[in-house]
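Once you scroll down, you'll see the structures, which are given as structure tokens.
Shared between the two complexes below is chain A, which has chain B as its partner in the first and chain C in the second.
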Partner chain A sequence: MSSAAAVDTEADLVCELDSVRGIVDALCSVRWKRFQDALLELSQHGIVIIVEETGCLQAKVYLQRELFIKYDYAATGRPRFGVSLGLFIDCLNTFSVLGRSNVLELRYPGPDMQLMLRSVDSPDACIYAEIRTIIPETISWDYNFEPAGSTPLSFTVKSAALKEAIDDLEWPGSSIQISLQPSPPSVIFRGEGHGDLQIDFNYYVNTDLLIAFSCDRQVSHRYKYKFLRATTSNIPASVLKDNRGSKATIGRGGMLKIQHLVSVAKPSVPHPHIDSAGYQQPSRIAYIEFFVKPEVEEKNGCV
Partner chain B sequence: MEFSVSGTALKTFARSITCLARIGNELVLQSSSSQLCLHTLNSSRSAYQSITFKPDFFDVFSVSGSQVQCSVLLKAICSVLRTPVASIDHLTVQLADSDASKVQWALDCSNVLSKCRSGRSGRPGRLGQDHHLPNMGGSIEIQGRRWVGWVAWARMKKTYWITCNIEPDIQHLSLDRRKLPSSFVVRPRDLNRLLANFQSTLQEITMISTQQSVLPVDATDQIGGKAVEFRSYIDPTKENDSSLHTQLWIDPAEEFVQYTHTRDPVDVTFGVRELKAFLSFCEGCEVDIHLYFDKAGEPILMAPKFGVDDGSFSNFDATLVLATMLVSQLSGGNSSEPAAATAAQQGTKGNTTEHPSDHTRIWSELSGSAVRYGNAAHDPLVPGERNQNTNEQTTIQRIGAMNISRDKNADGVPVNGKELIGSPLYNNGRAPSHHHPSNWIDADEDDDEGDDSELCVQSTPPYS
Partner chain C sequence: MNFFRFNPNDFTIFIDVYELIAWGERHRILNFFLSKYSIMFVINLEQDWERRNMSSILQIKNGYKESRGADDSIGRRRDHRIAAALDRSGHGRCPRSSSPMHSSLRSVLAVRDSNSNALLIKLVKKLPPNSTQATPFLTFEARGHRSAVVQDVPVSKPLSRADVQELHLAVESCEQLPATLVMAPELSSLHSFVDGMKHVGDVMAISVSKYGDLHLQISTSLIALGAEFRKLKVLGERADPVAEDNGLSSKTRVERGVQRGDAMSVQVSVKHFFKSLQCSLAKPDCAFFGIAPHGACLMVFFQFFVPGTRVTDKSFSLHCKLPVLDTGSS
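Entry: the complex of A and B
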């Protein structure tokens, strides 16, 4: 290895994080297939990981720089590179030892454009890893989510309830229709296969707090079940336990955006201002976004 | 038909579905103004379960017309009840009429939303123009702190439309439990404990029932009061048999709440899987199991034994009827074998009798010919083989002598399945008989099943 000083001046990014477990949870939530390639994009604001099912489904994980103990960004542009998602997660897992706090250093690029990982907190041992990266051949399909109109079409639901609803909707064995209607304010999921199942979320209007249901006209779109399923199948247990909400928005053309929040807190960190379970500073949260294209009737739609 | 159920009744209803699903594949719902009946018959036609609910079991119960019925796959109902019962406010079932193509099952679930707490607002970061930080929806102030997050309230309702089976095979069986002369009542956990001694994969079990000794248990007397034996039934045609064989002798006075058997020893062999399903059901409902039986070849009937105080449980009832093997384990496998010499037999046979327990009466052997004693016109189905341990000889003969005068003409026992006419499950006499004119077990159909036909109820051989 070259001397630390020389490497630092060459690296686009050197960052340290202390909650590997949380990062792993966040990355696992966008894993819906065994073999997936992820695109990492580095910027001064943080790291974004993008995973895609060609033309049908895209997921993004935002790790803002505030999540890291140290974040030294020295690149001029926005370096992008590809890694195998499974390999990246497995590698991170080897660095996270239960019951011990572990600080992990990520460095890019290495001498051969690889992603380098290193444990930095242990005085008598060192774990070191390199992951080969690939030049992304294609720019990731820009899902370019645009609002459907002047009023956003969105609803928020407990992550656990959304997951439960989507799990139940496997039974009909068909594509799923999602409808929003303003009056009475409700969201309807419907599948019609060898049996029919309809799940209604009926919203109350409460003026004291934020209303997480926004809809000014009736809309309805169909989505392939397996892609809808991918948005909730690997939600980390911590999200379900913490009672977090997930937000769904329907954009122009029926594109569905689903957002989750995953806690990336260091375990058992005492905080003087904790007054309720599940409290987290916003900077200790990773944001997950899924974009699902609606089912198209024509032949050139998603397979 | 429409009914709605919630709370504890919903738990019982869900438990009923779970039990029915362990017995058969198709569920028949039959609704009249006086009750709702759910029943199922397994594919080998050796197990029939019926659970009936009175109208006051439900929050809402209405039937248009005299009777409405439909048949659905139990697997579909189990999919409906995948939702944890604790989160269901109420379940509503609607069926327009008996010809409807679908039956609607709707679950109203409790408030599913909550606040999404994200703590104090920080400066929303921007990861570049292409990747906006997701809009958190604004911020509000609560108790002097600014909270950033999404907040919502909603109720979730799940509505399933399940396809009804076209031309369902609706068979209804009613067996009058009063016609089964012997019975016992046991606590589910006690029976579970006894069954735990057997290999968990055991398919059939034999219960050998003898009359409890009327004599007090004498410490010097080596015979204990173990009047009941449970034995694992192993199919003799299976050659490569490495399963665990178990024999368990119990004292009904200790293990059962109640035990009634005042005739010659009998044995019944029936399926364990169905027994365990019913056991779980009764355990969940916190009631004892009442098991009625006659002898090999006659069906056994199980029902929950509601205690005197269980007034709240009287609005539902359940019955499980299991066919038993024709072949009695006590007669050595051939009921028409002529009586062997009545002289005392010497020696013992079979592994289990090589080291007989000093404190039990062993009524059976794994092999050997039948021994007849007492009346020459002894019923061939009643076992006569005995372990000739000299210590037990006198006791056995004593019991034999007591049983000689037993009336062999079992009036209540039907000759064939067609006579399984029963009064309804509730002993109030007002409910109509559910006797189905056709035999619920058609002997001709089972001829193709070969050895498997042993499990089906067939005609009882005529008595001599």
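Entry: the complex of A and C
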């Protein structure tokens, strides 16, 4: 183990984090299939993990540098490399041992372009891993999200309610139509398959569920159920427990963006004098974004 | 009736040990071996009978030199040894599960009469409900002041003399003990680490050094994952760590140790290793790892202390032998 005193000038990035559990939760939320490759992009602002279902669905996890105890970035440009997402998560899981605080060092690249992980909290015991990386293929579809107009078309809904609605919409067995209308201000989810199911979120009726709403004209798009499902199926339990909201925005062409916030707090005993339910320091949040392409009516979109 | 009267130094160890027996029984990998002076529970790492010689062996020895009340019928017919498998397939014979026994034992302990015989393990033939044929059971009986716990566990017919001999040899064969044993780090965190390793690969390399280093590693084409524990307590042959090794990576340190003859490294199945760590169910006070001479097998020894002391309780012995995989790689 090389001396920890000086920054390793050969590495593009050396960073340390103390909340492995939170990072695992954030990564699990973008795992909708058993075998997925993830692209990691390193920059001075943090690490972005991108997972894609070619041409149809893309997810990004933003781990800002503020989440890390230490973040020494020395690369020029933005290195990118691919790893197996499942393997990365399984590996991180071995580092989070219950009941102990674990400080994990991430380093890239290793001597053979591997991603190197190492626990650094104890001088006499060390868990380490070297994950082989692959040269990433270019992302096939640039999910350049553009606003649909001058007024954003968006709504913020309780994450638990959104997940439940999408889970329920499995029943019709069809693609899901999401409609926003300004008057009365509401969001309507509808499925018409071997049965009909419609779920309405009305803005003024229940501000507990629909927290925010912005819409100046009626808009309606259809999305394939399995991709919509992927955006909420693995929301970590902590998000539901913390009562967070998820923001959905419809962009140009009907592209749907769904954003979640996942807490990456270090597990600790809550302060007895602070009512910490739902409160988190802003820097201890990982941002998750999903981009879902709408179903195209005429030609082959996502089959 | 063949029985074994057991007066442990302390009943509390047996309660935890029973948890391990119950686990082995639930997974259908348990044999027992009853002799004049001890009862041995053999927890096989594989359900396949052919590989029974590599396993966890829990031996409960009688506190007395002669087992009191041992029926002569054991001696006469079977050279003082009898063995059988704990058999869950006879569901109808014993509908009770093992877990109530565990908690009942605790309550019996609370009212235990110190003069009474604390625990009786009997091999009996009983008439199960809904049957006219008496079948064998292993019965655990614990008596307290005002209450008693009785658990009947169905067992197979006693094994043939040849099988018993084979089991006896496999279990008590005088394979050489490892020259160096290192004390294991905290078992619960090791257990959860190896649980994580199971998702990553099937084969792991384990090395033990005379400096008190223990190193575990899984290596596949996509990932190398390992854990290194240093400065552990050493029993047996030891050596001082070489200072120049301090700055090296774990892998290099192990390789150098092996080259110098100060360390040994073998490959075992992750699943087997994980199963051997299940012995932590018996809540041993410490564990030691060692590699038998010539890399014949990996051995794990568990020790129980008399509660409140650091004196080993000699009535319980638990150790595990893991087969070494012959991969031919370094």
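The criterion applied here is as follows: the second predicted complex is superposed on the first by the 278 of 303 C-alpha atoms of A that agree within 3 Å, B and C clash if a C-alpha of one lies under 4 Å from a C-alpha of the other, contacts with A are read in each partner's own complex, and residues count from 1 in each chain.
The rule we apply is simple: a contact is a pair of C-beta atoms (placed from the backbone, for glycine too) under 8 Å apart; a residue touches a chain by one contact, two chains touch by 3 or more.
In this text, all values refer to a predicted model and were calculated from it rather than measured experimentally.
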Identify whether chain B and chain C fit side by side or clash on chain A in the overlaid structures. fit
So, A:L261: does it touch chain B (first), chain C (second), both, or neither? first
Considering only the touch criterion stated at the top, classify A:V219 as touching first (chain B), second (chain C), both, or neither. neither
Looking at the overlay, what does A:E164 touch: chain B (first), chain C (second), both, or neither? first
Using the touch definition from the top, say if A:Y287 reaches chain B (first), chain C (second), both or neither. first
Let me test your reading of the model: by the given contact rule, A:I69 touches which partner, first (chain B), second (chain C), both or neither? neither
Is A:H45 touching the first partner chain B, the second partner chain C, both, or neither of them? first
See if chain A has more residues touched by chain B or by chain C, and give me that chain. B
Between chain B (first) and chain C (second), which does A:N93 come into contact with in this model arrangement: first, second, both, or neither? second
Once both structures are superposed, the least CA distance from chain B to chain C in Å comes to 6
Contacting residues of chain C [partner chain A, same complex]: 185, 189, 192-193, 196-197, 199-200, 221-231, 247-250
Chain C partner, complex, touching residues on chain A are 1-3, 84, 87, 90-91, 93-94, 97-98, 100, 124-132
Which of the residues in chain B end up touching chain A in this complex? 76, 79, 82-83, 102, 112-122, 125-128, 131, 133-134, 136-138, 140, 148-163
Applying the document's contact rule, which stretches of chain A touch chain B when the two form their complex? 41, 43, 45-46, 48, 60, 62, 64-66, 78, 155-158, 160-161, 164-165, 168, 171, 194-204, 206, 209-213, 243-245, 247, 259, 261, 273, 276, 278-283, 285, 287, 289
